[in-house]
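Heads up: the structure comes next, in structure tokens.
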Amino acid sequence: VVGIKVSVYGATGYTGYELYRLLKSHPMVEEVILKGRRTGRLSDFFPTVFEDAEIVPFEEEDDSSVAFLALPHTVSMEHVPALIGAGKKVIDLSADYRFSDAKIYEACYGVSHRDPANLSRAVYGIPEFFTEDIKGSHLIGNPGCYPTSVLIPLLPLAHERLIDENFFVFVDSKSGISGAGRKARENLHFPELYDSFAAYGVWNHRHQPEMEHILSKVAGCNLRVRFVPHLVPMSRGILSTIYFRVKDEVKAMNLLVDFYEEARMISFVEKLPSTKDVRGTNNLLYTFRNEGKEFVVISVIDNLVRGASGQAVENMNVVMGYEESAGLPSLPLFP
Amino acid sequence: VVGIKVSVYGATGYTGYELYRLLKSHPMVEEVILKGRRTGRLSDFFPTVFEDAEIVPFEEEDDSSVAFLALPHTVSMEHVPALIGAGKKVIDLSADYRFSDAKIYEACYGVSHRDPANLSRAVYGIPEFFTEDIKGSHLIGNPGCYPTSVLIPLLPLAHERLIDENFFVFVDSKSGISGAGRKARENLHFPELYDSFAAYGVWNHRHQPEMEHILSKVAGCNLRVRFVPHLVPMSRGILSTIYFRVKDEVKAMNLLVDFYEEARMISFVEKLPSTKDVRGTNNLLYTFRNEGKEFVVISVIDNLVRGASGQAVENMNVVMGYEESAGLPSLPLFP
Amino acid sequence: VVGIKVSVYGATGYTGYELYRLLKSHPMVEEVILKGRRTGRLSDFFPTVFEDAEIVPFEEEDDSSVAFLALPHTVSMEHVPALIGAGKKVIDLSADYRFSDAKIYEACYGVSHRDPANLSRAVYGIPEFFTEDIKGSHLIGNPGCYPTSVLIPLLPLAHERLIDENFFVFVDSKSGISGAGRKARENLHFPELYDSFAAYGVWNHRHQPEMEHILSKVAGCNLRVRFVPHLVPMSRGILSTIYFRVKDEVKAMNLLVDFYEEARMISFVEKLPSTKDVRGTNNLLYTFRNEGKEFVVISVIDNLVRGASGQAVENMNVVMGYEESAGLPSLPLFP
Amino acid sequence: VVGIKVSVYGATGYTGYELYRLLKSHPMVEEVILKGRRTGRLSDFFPTVFEDAEIVPFEEEDDSSVAFLALPHTVSMEHVPALIGAGKKVIDLSADYRFSDAKIYEACYGVSHRDPANLSRAVYGIPEFFTEDIKGSHLIGNPGCYPTSVLIPLLPLAHERLIDENFFVFVDSKSGISGAGRKARENLHFPELYDSFAAYGVWNHRHQPEMEHILSKVAGCNLRVRFVPHLVPMSRGILSTIYFRVKDEVKAMNLLVDFYEEARMISFVEKLPSTKDVRGTNNLLYTFRNEGKEFVVISVIDNLVRGASGQAVENMNVVMGYEESAGLPSLPLFP
């Protein structure tokens, strides 16, 4: 089998490096081309990378089949039209192609969308749920880390209209600090966070409308999400504790237990999962408890793998017709 | 002024040491007598204690005025009758005297209560809320760490019957590992917890009925709490994120802002508080957000100080007529 | 190519799991047989292992070609004779086959060696240095984690008799807590270690004679090592800071820069390396500084990979004639 | 007793806050005046300070008796002449007044000293060793954090000329991240440091000449220190492992055991100390091991207390004739 060439736009952040790490050992990938605003050797940006690589300018042409965009919001949409035009499949890790409706994007990110044509054709990339849409797509909006942890367990319920829209869906999420990106900021300075825990963005984080938008679209009715993210003094992992009410508890229980039975990288578990159970993997584990119609779902992911770069690779796998889990490690780095 | 003598039962655990640390520099305390099942020097149990002290057997008589019991559940009630009989004021940090109703205790802890007479006279020790009851009391049931973080902000609302009993109160709490005590267990082994996050005791933790019992008693109606605790890979601190619905949002907002205005160690704050803001102190900080009648309250405490030993010292202060904050540091150890 | 079968004795500890993780994705390994004193599913011992596996009793026969022993000291030598007798290649991660001289073993571990015949034939498994010996061997004594970090950079110097035996070699090592194993102990309880740092086993740790033995044997003279290990409040990684004097600084510098140039998983680097640079990999990075004949070498490894299971896999690769780095990830999990 | 007024220059960093924390509860201090380049409320710079305070401009006059300067190197010497001129006692936490010889300062910090007159009169502030000098002084150069951990145990040996000057003193120190200050930098970003360990400034850190200068001056001969600092992924604490050779081991052992017997805040201990044993206190613990004339000393301090602000307060105590340990907590915050 001859492998493909892929390019990674934005190679110097955490998700860019994680894409590199996963794609370098992907059985179907022959070459990984790194592109950046800042160029140089990858080892200039990462401590002693063993398999070093050159980062070339964005503008430099290449013959990759798939382009991964690990770029900030609003920067992605400057590059996508040309990449699509060049016949590449594009998987965008920013928020630029997550909302089918440009108005929601604009309300949420405070800028007008400059590529509405492609936006309307983009597919939201939860590979196990929107599989068929992704298969035929040229442009995937890779989901946010928090939404991934919430939507995977809840979408089957939303689709069957089992979530009671008369109640809020309360999402209480906890994330390792790598989710805040690689840029040094005073509030992310080591001693400010160590041995400490806090919430941020209460009910006004940008992932709240993302969850509401996708859940409501799938449910066909207006589901209201109220989201509180918290920062855990650790590097990796997201755990979401999700409170909601269903219309039929027996159907909900069955769906939660059965829906992802065939999925190799999503698992309903009885024991309470920990973020360490999925570290370095693309797996999502979830469990639930209920009292009648009142449910709590608990899910865990690695925010940089399933929450970003790993899911992006999985989306490539689906788009290209590879095995869903190709190149994605299934065993966590433990401890 | 001549200070008093106090005794600490159970000196080798985290809360026992914390009592010692606080009481040794308390301006009204002349002597701290340490008692334990395991005797010896305090430095046998704690690395290099500078002001070393002898731990004497439980049985040894002493002339302390106040006894602090940092003992496991069910052990406290073996000691309390004799201590009360000897005319001492007793502040019990176990769960043995937290429930005015022995049946709830028995359902929750799975043993029959062996001291129902004193139980019926015990006062639940939230010093800023049950001040008058505590003043005249000989026996204080010191609250659990999680309930402290939840009840302080919610009790004023409960008392004014502002919490809507038709909805659950969802309590999503996150605690440092010291809350699990000092005994080594496989699940608390350092590498099993480091860089990881998980929930435990979902909707069946013993602090759930404690919160329900106190809230409902104060509200005069049945409030239902559903509680999910989580372990944060850090040593100290609890943050609770509390979701509930009120009957009148204006009254609720005013009460949340104003109720503790005079309290020196409880503060409503506008910014989102972090556990680091209260480390090593007896302070509780809380804030809230709401959308109409839907509220989220976020509170932080140091689980070993306000959540245990510091609140116990404050209860002594109230019982003895000292200044409420005597001996309690107001500035956190930062960072 | 048809892969081989391998067995792992002692599957429930950290190194056993790490062997499983690496071997499961090894391109030349067809099947991994797990064996233990405690049997059951691997997921009984590890949180939610995705690719679950059965742990069978030690006694159960199998047709593996290579046996990895992740067993405590003294337990390995009970199993090795039979395994060798059955024609298997054995890679032992305990200390039982690290010393060619039984007397040193006995002085160090306080027990008599019960398999001296095999001991005398065992090879000390630093694959890049003792390559030829390992190739023809049936029994490899896999090095200790600390010695690995020290011997790899120093053996070339010892071999060329460049280390001045009139001075001590001071080894100041710092290790993550996973090096202490998986068994819960009070001093490894999470809150006892978090936000704290300490030394242990000063000048009397068992790895001190291991380093002295190998270094001296290779140097052909008596080199004296004085070793101070420290525990870092983190999970993984060892950094060793090594102080020594050489006889000829130019030769020493050249050797340090050049010796491992061809080794894919060992690298001299100019920048100061961090344990994070090698996390989850079998790589060793080292650098040095000198003032005349006075040298300091700094090396980093992942204690569970290069310091244990990864080096064991590499030893298998050499023994079996596979590519040295087969099955060993080269890019660290970062951050 | 009427207390004094003190001022703190540079109130928004870690050492400035720590000075505030300690001085606010100091029994002889009536008022703490905070001064800064950046003015405002203390709570603008620290999360929710309970006892809030105003930070006034440097220029504003005040009637404090003692001025603490928690300022960057080179900034202190701009303020000291005027403060001394105004009759205040000055305790400077920067390096500006640590070297009696301006040339060493200039070689080390790369700038010329602009206040040589005061420099020549400044006293190096290790209160238990230079007690008499400090008593009569108006200007104290408060020692660096690493030098404090090294000099306190070694100065008595140096003074008795017991350290063999023919060998290097190798200092291998490990520090929590708060020692790097409060300014956000990419290499101090939380995920870059978490679960990782590295050295920095090998043999070229500015504290190396500081240790050499003081040790040599006290010894009356040229002692050579080679210093390797490391960053531990934790907030607070320094542990130094110090290797050196003595001329007479019996005298050295006796001196190490006995010298600080009367000091309330310095203790020789037999067990290996941990940084947690001194957290939040001004205590220094040390132990040693030796083989003949070869010694290793291990010492621990809290870098922000004994390594900076606590020692500064102790210096004030000595200068003002207060009890040495006044205002300094003796029991660590544990865990």
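Just so it is clear, A, B, C and D label the chains in written order, and each chain counts residues from 1 on its own.
Rule of thumb we're sticking to: a residue touches a chain if its C-beta (ideal position, glycine included) is under 8 Å from a C-beta of that chain, and two chains touch if they have at least 3 such contacts.
From a predicted model like this one, the values you see are computed outputs, not experimental measurements.
Student: In terms of C-beta pairs in contact, which of C-D and B-C ranks higher?
Tutor: Contact tally favours C-D.
Student: Greatest Cα-centroid separation from subunit C: which chain?
Tutor: Between subunit C and the rest, the longest centre separation is with B.
Student: Using mean C-alpha positions as chain centres, tell me how far subunit C is from subunit D in Å, no decimals.
Tutor: Going by mean C-alpha positions, subunit C sits 40 Å from subunit D.
Student: Between subunit B and subunit D, what's the gap in Å when you average each chain's C-alpha atoms?
Tutor: About 37 Å separates the centre of subunit B from that of subunit D.
Student: Per the centroid of Cα atoms for each chain, what is the distance between subunit B and subunit C, given in Å?
Tutor: Taking the average C-alpha coordinate of subunit B and of subunit C, the gap between them is 47 Å.
Student: When you check subunit A against every other chain, which residues touch at least two of them?
Tutor: Counting only residues that touch two or more other chains, subunit A contributes 14, 176, 178, 191-192, 194-195, 233-236, 273-274, 276, 279, 335.
Student: For subunit C, which residues are in contact with subunit B within the complex?
Tutor: 14, 176-178, 182-186, 188-195, 233-235
Student: Which part of subunit B faces subunit A closely enough to touch in the complex?
Tutor: 168, 170, 172, 174, 176, 191-192, 194-200, 202-203, 226, 228, 230, 232-237, 239, 241, 243, 272-276, 279, 289, 291, 294, 296, 298, 300, 335
Student: Within their complex, state which residues of subunit A touch subunit C.
Tutor: 14, 17, 20-21, 24-25, 46-51, 178, 194-195, 235-236, 265, 267, 269, 271, 273-274, 276-277, 279-281, 283, 285, 329-331, 333-335
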